Amino acid sequence: MSRIGVFVCHCGENISRTVDVEKVAAAAARLSGVAYATDYKYMCSDPGQGLLKKAVAEHRLDGIVVAACSPRMHEKTFRNAAKSAGLNPFLCEMANIREHCSWVHEDREEATEKAISIVTMLVERVKKNRKLVPITVPITKRSLVIGGGIAGIQAALDIADAGHEVVLVEREPSIGGHMAQLSETFPTLDCSQCIMTPKMVDVANHPNIRLYTYSEIENVEGYIGNFQVTVRKKARSVDMDKCTGCGVCTAKCPQKKIPNSFDRDLGMRPAIYVPFPQAVPNTPVIDRANCTYFKTGKCGVCQKVCGPGAVDYEQQDELVVEPVGAIVVATGFELYDIGPKPAGSPYEGYGEFGYGTIPDVIDGLTFERLASASGPTGGKIVRPSDGKEPKQVVFIQCVGSRAREKGISYCSKICCMYTAKHTMLYHHKVHDGQAYVFFMDARTPGKNYDEFWRRSIEEEEAVYIRGMVSRLYQKGDKVVVMGSDVLVGVQVEIEADLVVLATAVQARTGADSLAQKLGISYDKYNFYSEAHAKLKPVECATAGIYLAGACQGPKDIPDTVSQASAAAAKVMTLFAKAELEREPIVAKVNERNCVACFYCKKVCPYGAVEEKEIRDRNGNLIRVVAYVNPGVCGGCGTCQATCPSKSVELDGYTDEQVIAMIDAL
Amino acid sequence: MKHAKMQLSTETMNVGFVRKVEALSGSSVRRCFQCGKCSAGCPMRSFMEHPPNRIVRLLQLGQYERVLAGRSIWYCASCETCSTRCPNKVDLAAIMDALRKCSWDAQGPSKESLVQLANRLFIDNIKTYGRQYEMRLAAVFNVKSGQFLKDLMLGPKLITKGKLKMFHSKNKNVGEVERIFARIEEMRKKGEAE
Amino acid sequence: MTNTAQKLDTIPLVDSGYWSSVTEAIRTEAERLLSSGEVTAVIGYRAGRRSGTALPAIATSPEQARELVFSPGCVNNLALYLTKAKKDVAKKGKVAIVAKGCDLKALAGLMGESQLKREELVIIGVACAGVYGASADRSLPLSEETIARKCRECTVHAPEGVDLTAGSVPALPQLSPEEAEELARLEAMTPRERWAFWTEHFSRCVRCMACRQVCPFCYCEQCYCDRNRPQGVETSPRPAGNTAWHIVRGMHLAGRCAGCAECERACPMDIPLNLLNRKMAQELKELYGHEAGIAPKEKGPLAEYREDDDQSFIK
Amino acid sequence: MHAEKVKHDFEPKIVAFVCTWCTYAGADLAGTSRMQYPSNVRVVKFPCTGRIDPVFILRAFQKGADGILVSGCHPGDCHYMAGNFHARRRFAAFRKLLEFVGVDLARLQFSWVSAAEGGKWVEVVTELTERIRAMGPLEEFKELELEECWSGKIDTPELQEAYKAIP
Amino acid sequence: MTPAKNILSYSYYPGCSLHASAQEYDVSTKGLFRQLKIGLQEVPDWICCGATPAHNVDELLSLSLCAKNFSLADRVEGDLAVSCAACFSRLKTTQHKLAANDIKRKQVEAAIDGPVSLAKPVKHLLEILAKDYGLDRLKEKVEKPLAGLKVACYYGCLLTRPPEVPELDDSEAPTIMERVIGAAGAETVAWSHRLECCGANFTLSRPGVVLKLSNEILASAKGAGADCIMVACPLCHGNLDIRQKEIEEASGTRYNMPVFYLTQLLALACGVQTSRLGLESNIVSPMGLLREKNLL
């Protein structure tokens, strides 16, 4: 037999004005299992709480119902009071007779009747409440950052500066990402390399950062505070410890005609190479697919010329396991390719723009390399086809973006600004040239952004044409642009020397497979999903994993850096405590009854359900059951409602508790 | 009218008309964000007073009189370039079809709708012969449109080349074709079809 | 029911050669599988004591394989024997199973629910002409009168995705869709009429649980409806509890039931249980395009969602 | 302010199954805004609509509820990201099942009420209460509850014989 | 209804034009198919597909006429071969729309008083030649390669647009015509106006339109160095060939650009008798050109 105490609060007059609190207390006292019932002016006041504590001791109460305001208001207060009275706090419940009763009903009789019935339901519920203890999870205070672009670099530096170890994993031979490819950055036109390279060097020299370049994530196991990450270090064919970065190997390599993807294939590089002069680390890598030695077994020049003997043709991929407590995902973006797409692709290329076969139709990033002082042309703007300086350049915005026909309906956010920047860079370099921009809308929210755009029109004399382009075709050495000006209402035709397409920012190819390894969710465009669009913009739904930069959606550099620092702050917050403590409202599996249909796993929004093998003493597999990781479970209870045999149960909201309430109707 | 101020209110924006066009064409009008790509590629743009994107804009504003008044809809060649390239999958070619039907149903032929006259004759021909009979089509069109002597030079040449037949071959399904016409008319009367 | 005149009138749907050719194909394959050691057992049917009947059988030797049959009496869904009744069979190694098209869907469903693995199974599909209905006179051949209601609307005569198909589907006449008609009749009723229809049926239920016992998807170790703490569904055979039981069962099978109609066949009180399951299948198809099929699905229709799912019923 | 209290012949029992983050908070807001609505409703709080088992609805009908409201966060607002999406499918299916066994769906209301929609909570609850009041009590489940025994008709000769044979 | 591997056979829908102004297209199609030993059986008493006018005026009528033709075509074995690009577009569009729209399908069923049959694939000649028959086989059949003949392949609007309907080739960068005629040994030129509109059905009502648009096409082909234009559509042919003289007069440019149907050139290459190519029906005489290239 339970010994429940019921405390009915007057809340000054807020409740007692319409609810006959004494009558409620008297009715409660008559309920079976209620050992004590009383009413009091202000239950939440110190004397009120004192009354509760005293009653627990005097009446040996094993459950409490406080009939007062909303639990959203004072549940914590009364549970703490119960705790200090020596009762498990989860044996204390609140009956909401203020917001749900006295404040919304005027008839005293009705309100009193309803209050009694609310109290009854909660009394029945409390009878079924179990003692729960908060869950604690130990934390490994090291963090993994995936991606070495500006987002990853910023996050890694912030976390490392806070005194925590960081493992930074980059797929390419060098960190730097897209920002290292840019010429100058809006809206200040400062040189990207100048602001980027110091940060790259900081990463390389930071005692708390362990840098893995030319490496990828192989596997991720574990959960918040306790991840085990396997990193695949791809064979560089150069021993990083021995290499001094002298550059003799790259200079002597006889194979020099490989398009350099860092330069958007505009320039050439050897088979053993560093992608760009400021690369970090400055250790070359052998591109085995194009290396003569690897293709034919002959050559070996780089090995012969290497003084320290760092070139190692036998090097193999290496797997390292890193234990970390938090992960920041900063894998960035790639640009929409206008070429034809394979069958089944959600995207469709631009046949009307020649599917990328017209040589003088390039994308924005290629233009960045042309304009970059350290680029393949030394910053001289020339046409890819014949190396001539273009006098009429047409920029087209929203290529791929805002085009659901082509597979993407979102705005890529950065193109308006960088196209404005391109017109300026062009005008600075080719004084007698004319830039035209076809645009649909100019979107320039941001500090000094609109001013920047206006400057490109007013001072740099770019001609902005409000309208889109239907078709591009080659005519002699010109590219004919068939567009329209919807403001005038006429068709516009321009014979351009060069056409620059502001192609859409899209998620990286393979973003989905990384997400699956990490157990995080992504949207239909493969951008990673944040836990809440407004209030949890850097957290993933999967606890312990955070997002930074364009992998979550198109973003410019300032936004990316802000988000990266925010993600770093989240990691630091997590690491600030010795252990992770959380409310014990989590699901638990009754392993005896579980038949392993894994419907729970299928519906769990947190990926908290795992398959657990039950083995006998000899290690033979008996059966597999579901296991809910309490560190990951969010406590929604969808698993329980879905489980056919109800072998998984959400603490705090068990079937017993719910049905007790229903039966008390 | 063309340059008159547009008074916008729920009364002056004819949503019913737009819905009808959307139903007939199976294409949304509101999706268009006026990028103008349709107009950029339209081969007939120079013959129209409203470029195609403006037709959609006027529809978005429910301005059906302005849409139907001009010659634009009659000069659409149904080449589908606009529909093919529209970033929003607005099927402008189908919308044009719908507008022509609405116009013809509401106002009958106009001087701009010579195409539709040709179309009507073409269809009458089908109704009568089951197939197209080009000689008669050309002759009747010229009479009805008042262009008696147009293409006078082409005719005899085509006849000698065997391209215009003076007689038509009899088709067994003529009766069935007539019945299709009748059934459709019947369905429209009963409100079973648009 | 048995009456000579009727017997003479009954036109067999297929000639008897069909049954023996399917039987022979099953036997040959079972024998081969067992003698080569490819499988440890073949789950199939053998002839029952009374003519026209057949029993589930597990052959573990080539000799036993020769006893396997296929006849219109092979009504059982053998998928059951992989999860519940003879679960241990499956543990001993790879097994083969004889499956009609309708049983195959159950196998696929079970694979989607991690209960079976395709690679641990050899499936001998049956090109099935149909089987007897629950109350058929089994002395008669399979005919329009004796065929099971579910078979009248069968769309899976020829099994797909199996390792071997035994026999070939004979030419079959189109039969009137009795169950679909019955469903339409019920749907046309007012809620009150339907309530009367179902409460009459449910109140007869004796809670023998035969429906649960034969259902390949009711493989829970402990059924929710047998629980006492809390007792979400009343366990005694009272009308209220019966109704709750059948509704909960319908809900638990929604999106999973493959329509083998074994529950209905096994019901001693002739409650048309498959109507409930079929109705849910139809609704889920309409709502989410889901159909229980031959290919295992990663998630069922009620374990996944789309952001733009219909919500016209929500205010 | 105080309208004359109308006495009704029948006051239905209404049960509301709500999620704690949106609808429960919305109902709280109705309270803090001192909005008025019929007192018939009893709220059962869940963390999420994803936790609400169809069995609860059935149980509530059996235990005397005349009308039931299930309410949670708007799509996209779920505190647990997807609980309400799962719930939406589950109840879309369940209501079809109930309808098929003959429950009048007018007695089962679903809604999205956010933490900011105190007014909508009042509207939904008031509308449901008034509708059920007009419909009268849910007799079907009550009758069923009263039937104590196996009530199958003994209508076939075999059964009658068997019945007679019981000593 | 896939025919046996080597023996191809089709039901054939020529369309109204092929029985009149485009009779040379019909003649050469039949000649070519006979030469390639591809069966072609004309759908008995087919009716007009309604062409552009019908859908311009009355979509339901347009769909119904095509649907009626489908049920007529069901009486003949083999996929439905269509030569006219306009008919092809209408028939394909009808299939596409009726498959996707139950309401329209029901209305059409009421109009033709029978079931709508969408099972039979509708195939343009190009598709049959390039895919079913195969370019390799076609190459083997070439007796007189069209070497040295520079052909501008003109697709016009309806062969590839809108992309989801004809499914013949990429809607913006098709190559099927080039591939087919390339198999016959001809040289194809790259030119800008392959997919532009010729003015189509304005030929009767607004010839001015045709004069402008078709002039641009002829100029573009000429500019690219083409000897001739190859088309797959009687409407395009009408505008580019029959009206070429007028175009020349209006624009003051002399083109003298023969316009062939694709089957005329293919049949020529495959050794069909010159007299059975319908060349005499071409208004701009191609004889001089063919003689010059030693193809006669």
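Note that the chains take the letters A, B, C, D and E in the order they are written out, and that residue 1 is the start of every chain.
Throughout what follows, a residue touches a chain if its C-beta (ideal position, glycine included) is under 8 Å from a C-beta of that chain, and two chains touch if they have at least 3 such contacts.
Owing to the predicted nature of the structure, the values given are computational and were not obtained by experimental measurement.
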item: Chain labels contacting subunit A and also subunit B; value: E
item: Length of the shortest touching-chain route, subunit C through to subunit E; value: 2
item: Remotest chain, subunit E as reference, centres from CA atoms; value: D
item: Middle chain, criterion being Cα centroid separation; value: A
item: Which of C-D and B-E has more C-beta contact pairs; value: B-E
item: Inter-chain centre distance, subunit B versus subunit E - centres from mean C-alpha coordinates, in Å; value: 23
item: Distance from the mean Cα position of subunit D to that of subunit C, given in whole angstrom; value: 34
item: Distance from subunit C to subunit A - Cα centre to Cα centre, in angstrom; value: 46
item: Between subunit A and subunit D, centroid-to-centroid distance (C-alpha), Å; value: 39
item: Residues within subunit A bordering two or more other chains; value: 352, 603, 642, 655, 659
item: Overlap residues in subunit D, where contacts from two or more other chains coincide; value: 53-55, 59, 82, 86, 90
item: Contacts with two or more other chains, residues of subunit E listed in rising order; value: 171-172
item: Every chain pair in contact, whichever chains are involved; value: A-B, A-C, A-D, A-E, B-E, C-D
item: Residues on subunit A engaged by subunit D in the complex (per definition of touch); value: 70-72, 96, 98-101, 103-107, 110-111, 113-114, 117-118, 121, 521, 531, 541, 585, 603, 605-606, 634-638, 640-642, 650, 652-653, 655, 658-659, 661-663, 665
item: Contact set on subunit E toward subunit B in their complex; value: 16-17, 19-23, 44-48, 50-61, 64-65, 68, 72, 101, 107, 110-113, 157-158, 161-163, 171-172, 195-197, 199-202, 204-207, 209, 212-213, 242, 280-281, 283
item: Parts of subunit C lying in touch with subunit D, wherever the complex brings them together; value: 186-187, 191-200, 203-204, 206, 224, 232-233, 237-240, 243-244, 246-248, 250-251, 254-255, 269, 276, 279-280, 283-284, 287-288, 301-307, 309-311, 313-315
item: Subunit B residues within the subunit A interface of the complex; value: 33-42, 45-46, 50-51, 53-54, 81, 85-89
item: Residue numbers on subunit B that touch subunit E, as the complex places them; value: 24, 26, 43-44, 46-47, 75, 77-81, 83-84, 91, 93, 97, 100-101, 104, 114-120, 122-123, 125-126, 130-135, 137-138, 141, 145, 150-151, 154, 157-158, 161-165, 169, 171-173, 176-177, 179-181, 183-184, 187, 192-194
